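In the part that follows, the structures are each spelled out as structure tokens.
In the two complexes that follow, chain A is the common piece, with chain B as its partner first and chain C second.
Let's look at the complex of A and B:
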């Protein structure tokens, strides 16, 4: 394999607010090969969406992004606006959470997909794209409100594929869908990813859905990565106490003991404006000691290709 | 779908008009003021003449008999005669209608064109230089009564500087023809149009700004940006069409109101339209004129509301299903 498709180094995303700067992402480094799927997990507010949106600089005015994002050899953070617009969707497209209002309610879906194609002078056909995601071509005249949540999510995926991108950023694409539809959409994404050789960043708070799609996992807490490693191994036996808690929060189907005793994690994720000292997870961590509150901990290799940020590992 | 919607709205409108009819009759009679006092007390009129006059104006018999007669006549298109001029009310209204339509038409188009644009720009760049200047300006205009604005114009641009005539629709002293007649007419329109336009500008731009701000929070704008659209296209194709929806209703209702309600502006500029007629009718307790004018503005508001509902079904596909 040649150079990685995406290299992120020491990424910081800081929002502006009336109370002062809000550091949502505080130094994330990761890389993604062509055709590889990275599952990015964490609670709401962990900075995972902020991190993903910053890859295409899709952030509110006044937000500062530092570090570097290299997509196919080009530094995204240094691009001029015109070049950035050309890269958006054509090289990296986003699958937003389709159940929400990510489609414009006053335009037919055909027009919204065609708009993406026209913007990048592509030659994709709307009807073909819809068929690939399992929507009959005659539905292209529909308005978003005439479609179900699952269908809207499929339209969103078809739209993301419109300009044949190399990277797909899927931001909670299965959240808010019922379980059956969730499984269908996951399967669709996995198939498309394999057939088209797409690289994908799959963002979710639900670790269990990642087993179907992800090659590697990265878990975020308080704007930093706390553990990253091969998906299968990590799902079988997470090492970082936060990942363990996140995995235990979802009961395993068929496992009576986990269903009867769902082990949630007490407390809330930290306020990004008041992140605890040392390891930011120490106030909620079952194995934390005094030294955890005092010592800042960085990601370090705990076994080949597997890194964690924990003093106990 | 649209036909059914219009039909339903028309039925609503008829019910509403019936209520307006009843309301109109009793509203003006709550004030116990005898509109024919000047005739009744007139010593030179004989008793027979007085009775004839009272009968002629439909004021004989009990309130209830008057009401039945009023409804019957109104349904037959007879709105009676003005107490003041004794001419049929309908001709009084038709004489003044073109003046009002010209004044209100021009100012409404200007208000919408300018107000909506200001609102779009201020909302799109919230907190930017344009917004910081235009929004306080809009609020000041919104808070200023039109008659006050009109009096300022009248005092400075009319009386003091003499740039524009201070009232009326034409210069009665001069007998212009052809192009100079049009110029004369236009010069008389400038101040009332400016007053009405500025008077309503603030509300349009503020509503449009707020609705832009609401739209800017929508997820589909992020989608549009992610697709690589230019800012201008994100605004034009995705933000504005959605943000316009609340303004359509406002425009329609406002249009209806202004037609019947340019009262203060027309009065300040002695502009002989329906507004001035309303003001005079109230001053003279001219019951038939008041009833007809109020009926007319009610019809205008109702008609423009139906119009807005129909336009909205074309702009917002979500409404079509629910109708």
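Let's look at the complex of A and C:
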């Protein structure tokens, strides 16, 4: 049990496109213990979803994944298709963003949750699963369009729990929801995670969301990790200039000064096909120097359990 | 509505044929004692053909043969077209390309010469005619289904099912097929008239069974016996009108179905 549940080493994900290969993830290494929650943050296009989906090889045909992904002691990238299908959902389930697209509109939700159970010959009960996520059993006959956005996301979570996975990959599970429902869903995920000892990778671009759920934080930029460390400390005082900018992008409620302060980050995330030399963040970085454009910077420890990829730290 | 009414009429004709006319009336011997190419009267409502057979009986039984061939050919075409369309749309890489090549091949194949050759090789019973027509008529539908599958397979619930560890077969049957089912049905009702017309064409060209005649076969008889020049309208007009009517009926119904399943098409 002392082994980490998930170990990722030097993961690269390269998509194929008509313009040539697109390196979306460029060398990510991380690990996750059983029962631990890792918050994975970054802008759109930073490679966070690509990274997470590559853990189960859920990528389009033609995509190359290199490096190694070890889930519960097994190398995911070396698995045969049959074994991979067995591992999907049974060991690691996914809560997708936008549950309304992920549920098939023509089937009742009971049937769709049952589908997950049957695929792995599990013996979970649909009604029990629904109750765990706070949906009354009699709603199991509903079609997805009869449920609210929050309920649909709960159904998605119930489905994710159907085969009792060790790892939950939550890909922006609250993005499409309003703030109140978002808080409820987050609380639900946090409770389930605690009660079942689930390990979770929680992907979001909203750092404030992570304070509720995450033990550790990893921030991605241009397909690489730029900072990783304990969640509470990082949310209080991020060290990497990119994490700082990401944190500053959300105003603090009740703080008048943050309402008017310019707190965005100028510029766009880099085109994955033309990543800047040296530190990929240097063109947008407020403290960048010439050295940053020339030197490739690796993740290094800046204090115990806290790493950052920045020459200035 | 008009289409549906016409369709009901023809189906009734096919079902009730034995009530109005005995099957034996189709045999050559049946007309032995009748006048040849006789104009309609009280006994022969649509006159007689060149060997004295009752044209009314021929037309009634023709509905049966024409519909049988049209529907069976459609079933064959829809099954082949759907299976290949689903695979071509869902699979990627070389499987998809091979499927597409087969599809292209059948799409450009000149139908009539091929059907004639096949019918000569395999025989000319109605069932074989239907198989030959169905076996060559699926390509267009297959292409339509493939296009729809290409869009469906990118849906979120397909991605979810993949993450679920579901097999391709399961995903196709559970998530893709229900999405293309309306298209398959609408397409099927548009294949029927094509198949009936194709059968009439082949029969008119001399293929098909003389003694279980379809409408096309009756027309061939009329042409061969010189009914057109002899002005024996009762011989060639009824089967001709029937062919037009049934093609119209299925096309109208097919278009209506298409509009129901895809309201974006609007009123045309």
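By our rule, the second predicted complex is superposed on the first by the 308 of 313 C-alpha atoms of A that agree within 3 Å, B and C clash if a C-alpha of one lies under 4 Å from a C-alpha of the other, contacts with A are read in each partner's own complex, and residues count from 1 in each chain.
To be clear about the criterion, a contact is a pair of C-beta atoms (placed from the backbone, for glycine too) under 8 Å apart; a residue touches a chain by one contact, two chains touch by 3 or more.
Since this is a predicted model, take the numbers as computed values, not measurements.
Superposition of the two structures on chain A shows chain C clashing with chain B. In the superposition on chain A, A:295 makes contact with neither chain B nor chain C. With both structures placed on the common chain, the touch criterion links A:277 to neither chain B nor chain C.
In the superposed model, A:145 makes contact with chain B only, not with chain C. In the superposed pair of complexes, A:64 makes contact with neither chain B nor chain C. Contacts of A:104 after superposition: both chain B and chain C are touched. Across the two superposed structures, the residue set of chain A contacted by chain B and also by chain C is 56, 58, 85-90, 93-94, 96, 101-104, 106-107, 115-116, 119-120, 159.
Of all residues in chain C, those touching chain A in their complex are 92-93, 155-157, 159-167, 170, 174-175, 178-179.
Interface residues of chain B, counted against chain A in their complex, comprise 218-220, 222-230, 237-238, 241-242, 315-318, 321. In the complex of the two chains, the chain A residues touching chain B come out as 56, 58, 85-90, 93-94, 96-97, 100-107, 115-116, 119-120, 143, 145-146, 159.
Residue ranges of chain A in contact with chain C, taken from their complex: 56, 58, 61, 84-90, 93-94, 96, 98, 101-104, 106-107, 112, 115-116, 119-120, 159.
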